[in-house]
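Scrolling down, you'll hit the structures one after another.
Same chain, two partners: chain A is paired with chain B first, then with chain C.
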Partner chain A sequence: MEKNRIFTAIAGAAAAVFPLILGLNEYYVFLVTLIMLYTTIVVAWQLIGGLGGQLDLGAGAYHGLGAIVTGYLMVYHGISGWVGLFAGGLAAAGVAFIIGYPSFRFGLKEVWYALSSLALVLILQKIFLLWTDVAGPLERYIPYAAFDPIFMRSGYKTFYYYITLALFAATLALVYRIRKNKLGLYLQSIRDNEEAAEMLGVDVRKYKLIALLVYSFIAAMTGGIYTSMVGFYHPTLFDSWISIQTVTLSIAGGLGSLWGPPITSLILLTVQEYLRITLGAVIIGLHQVIFGIILIFIILFRPEGLGPLLDTLSVRLGLGSKASKEM
Partner chain B sequence: MKAVEVVNVTKKFGALTALSNVNMDVDIGEIVGLIGPNGAGKTTLFNILTGFLKPDSGTVKIFGDDVTNLPPHKIAQKKVARSFQIIKPFPSMTVLEAVMVGGYLNTGDEKTARERAVEALKMVGVNHLRDRLAKELNTQQLKLVELARCLATQPRLLLLDELVAGLTPAEVDRMSELIRKLNAEKGITILLVEHVMRFVMKISNRVVVLNYGEVISVGTPEEVSRDHKVVEAYLGTKAGA
Partner chain C sequence: MVATEVFTSFIQYVVLGLMLGGVYALAAMGLALLFGVANLINFAHGEYIMLAMYMTYVVSLGLLQDPVLSPIVTVPVFFIIGVLTYLGVFKRLVTAPPLSQIAATVGILVLLRNLALTIWAAEPKAPPYTVFATSVSLGPLTIPLDKLLATVVSIAALLVLYFFLERSRLGVAMRAAADDVEAISLMGVDTGRLFLTTTGISMAMVGLSGSLIMTFQAVTPTSGLLFGLLTWAIVALAGLGTVRGILVSAIIFGVVDSLASGLWDPRGREIVLYGLFILILWVRPKGLFGRR
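Up next, the complex of A and B:
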């Protein structure tokens, strides 16, 4: 436990001064913030996917919804992005409820659930392309401000770095806590065997829905931060690539593992960005090919993902422990 | 009040009548065996009792409450636990975690859930396995863990679907001792579906025989084994008759 705290303190301190290490280089801080934003979605996805076992491909929809709601409120109503983050979160959770309730009610599972959640991304994109009062085919720009923390708008990317870091840390802490309590255990039992879980008194529908709502809320918040950081919004932010990336990184990281998905996500997204910068302009798309090959190798040689490896490592280092060892 | 009351239950799957106007009951504190040839409707009746299937007509009462249209998790809250014919383990969880899922029924407190789980593991005699993963265990161990999972919910009624199928005679004897103990010491009412006659006849107070979805005989193990309808159901009628 003591070691755990020291590790958390060191990681926290390193994260806190990281922009300085990058020499406050706007471009690098921007990239690191992006990587952390996408990793936050990966961590939140562990609730519905890693623990709950539902192959949800709706991340792009919730991320996009958060971006559009936050952006719309900032552009058209001058409402602060801070309010937008929560409004976007609520909107996404609302849509998730409308989709999730009937899906779970009628036992939509596995690939069918995956496809219907992916369809949500495309449907929302089309709706907002046509809904010109809110979005439409043109990019909508958020008024520039050099530094306006109350409006949540800043020209300095470091500002967004810290907002993202806070959300990332809070999401990690939340998922860590949930894993160890009733909700986490119930979700795992649903993933492992729904009928057996139900017979033990687990309200399968309710717990899936809770996981979906929390995850969609957080995914929407990442969208809100993103849109304020880049300064515009557009329906292409409903991006099915985000859905696929989230699931792929989670699988490569090890479904249900604690450290696997976030660490794998941070590493692989960094590699991807590095490849994009160095090779992306040499042959267009080459970085994605190499990224794909890396993923194929991980899944071929470590089908259970990198998670078990990383979790063993963390136990070796005396960090984190199996729940049962504590008694 | 009875532990289980099944009144005029009929269930059809298309043209096949799985249960036809079934009436049966289980008194509180009893051990009742439910037997019958393959396809007699035993598991269908269990699925109706636990809410996985809805009957086409008829009602099911458990401890006096009508549970006919309740889903399984609501029936579990009425202090009913069930083991499955084909074991349904939680492969990626440790044994303790799996049993704690049962222990969390009607409580959100981790300590309570853990205490209930450990007590259940000890009662069944598999506490030494608690840090192992379900996927590392053999069939007998998995069946015992599944029983512990049921007990952690602190049931008043336990439905056991072919608990001893696939076990060796020595293991069957240990299991019957355990079931008797749960019944005598914990006051748990038990309804069990079983093919292993030696086991059913030894531990049941009463036996209900189903054949082609109908109750053909009810009585003590001795009465039932002498009933010619039961003998016919299992062995067929005399040649030419």
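Up next, the complex of A and C:
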């Protein structure tokens, strides 16, 4: 346990001074922030997917909603992004409830749940494309400010790096806690055998819904941070690619593993960005072809993902708690 | 006067929708066959259709001049692609849980979509010129010949499949596998070979369907997502993957698609189609004809 704390302290300190290591290079800080932002979604997805066993492909919808709500409030009402983050989170959780409640009520599972959540991304994208009062086909730009922490707008990417780092750390801590408490155990029982869990008196619908709401709230917050960082919003932020990326990274990392998905996500996204810089400029899309091949190989030859490998490693180093050893 | 005009345009869109439905039926049949017979969830089905459309584009520009002739190439090539996909990926997935099937085929989706982006870039590729790119008037209605041809060929292909499933030994084995895989393997059917053939046939239908769609619709690397969701929606509405069920369900989606883009807004068609899809999953989770 003591080792665990030391490790967390070292990782935290390293993360805190990371922009300095990058020499405050705006481009690199931006890339690292993006990678961490997407990894935050992967971590939050563990609640509904990794623990609850529901293959949710709605991340793009919630991410997009957070981006549009935050952006809209900043552009048209001059309301600070900090308020926008929570307003976006609430909006996403609201939509997740409207879609999630009937889905769980009618027992949508597996491929059908996955498809309906993916459909949600495209439905919302088209709704906001047609809803020109809020979004529409043109990009809406957030007023520029060199550094305005109260409005949550800054020309320096490092500002967003620390916001993202805070959200990432908070999400990790939250998922870690939920795994260990009752909610986490209920969710795992649903994942392992839904009928059995229901028969033993677990309120299956309620816990799935709680997991969905928390996850959609966090995914929306990443959208809000993203839109303020890039300075505009557009309906294409409802991006099915974010959904697909989140699920594939989680599975490659190992469902139910604590450290597998975030570490795999950080590594693979970094590889992807590296390939984008080196190959992507030469041949567009090639980096993602390689990414796709890596994914297929992991799933075919290590169906349990990289998670167990990482968890064993952390136990070997004396870092993992007992809970993660059992997973 | 205005009322009759509105009525005529309504009928016009219904007729177009019926034709679209025939094409969609063939597009969805390959998916339904694979899902029904081999119990394989192919999340990349739409991406294979997209790939068939690009292949049609290349073949008709370089070799055959008219996309109508392109099935000569795409059908056998896609049968082989199906066999290779089975041997490379699906073979390991047959007994895997749904989650792994979805995950692995999402990997294929990522691969194919970006392969298309790498080779053909993001700009849409318009349908190559075909001699059928005209239309005939039928009273107040206009019938585009390219869509009519696509529908007729699609329905003919579905008829062939129907008789194949009803009459041939292999077809009977496929239908039996849809009912009970364990039983037929006890009866001495080599399920590995059966699933291999099923994947091949499924992909051959995708090849034909992609060629036909390419006669009247442009393609981009993200077209796969549209066709993927649309064909899954059709399978969901049909419930059981019989030829008749898929045809009825595809025609419903074709008419809804055509009415939504014609009478409302072409950009809004996806809202209506996918909204309908989600509603079906809630209200009729077993589809029109029941699902196991």
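The criterion applied here is as follows: the second predicted complex is superposed on the first by the 322 of 327 C-alpha atoms of A that agree within 3 Å, B and C clash if a C-alpha of one lies under 4 Å from a C-alpha of the other, contacts with A are read in each partner's own complex, and residues count from 1 in each chain.
Note that a contact is a pair of C-beta atoms (placed from the backbone, for glycine too) under 8 Å apart; a residue touches a chain by one contact, two chains touch by 3 or more.
This structure is a prediction, so every number in the text was calculated from the model and none was measured.
Considered on the superposed chain A, chain B and chain C are sterically compatible, since they fit side by side. For the superposed model, the angle subtended at the Cα centre of chain A by chain B and chain C works out to 80 degrees in steps of 10. Touch criterion met: A:G201 reaches chain B, while chain C stays clear of it. Contact with neither chain B nor chain C is seen for A:I6 once the two complexes are overlaid on the shared chain.
In the superposed pair of complexes, A:A16 makes contact with neither chain B nor chain C. When the shared chain is aligned, chain C comes close enough to touch A:L300, but chain B does not. In the superposed model, A:V247 makes contact with chain C only, not with chain B. Annotation for chain A, partner touching more residues between chain B and chain C: C. Annotation: superposed on chain A, chain B and chain C show a minimal Cα-Cα gap of 13 Å.
The part of chain C that touches chain A in the complex is made up of residues 41, 43, 89, 92, 96, 98-100, 102-104, 106-118, 121-122, 221, 225, 229, 232-233, 236, 265, 267-268, 270-271, 274-275, 277-278, 281-283, 285. Residue ranges on chain B touching chain A, taken from their complex, read 50, 52, 71-73, 76-77, 81-82, 84, 88-94, 96-98, 100-102, 104-106, 108, 110, 113-114, 118, 130-131, 146, 149-150, 153. In the complex of the two chains, the chain A residues touching chain C come out as 53, 55, 99, 102-103, 106-108, 110-112, 114-116, 118-120, 122-123, 126-127, 129-130, 240, 244, 247-248, 251, 255, 283-286, 288-289, 291-293, 295-296, 299-300, 303. Considering their complex, residues 180-182, 185-186, 188-189, 191-193, 195-204, 256, 322-325, 327 of chain A touch chain B.
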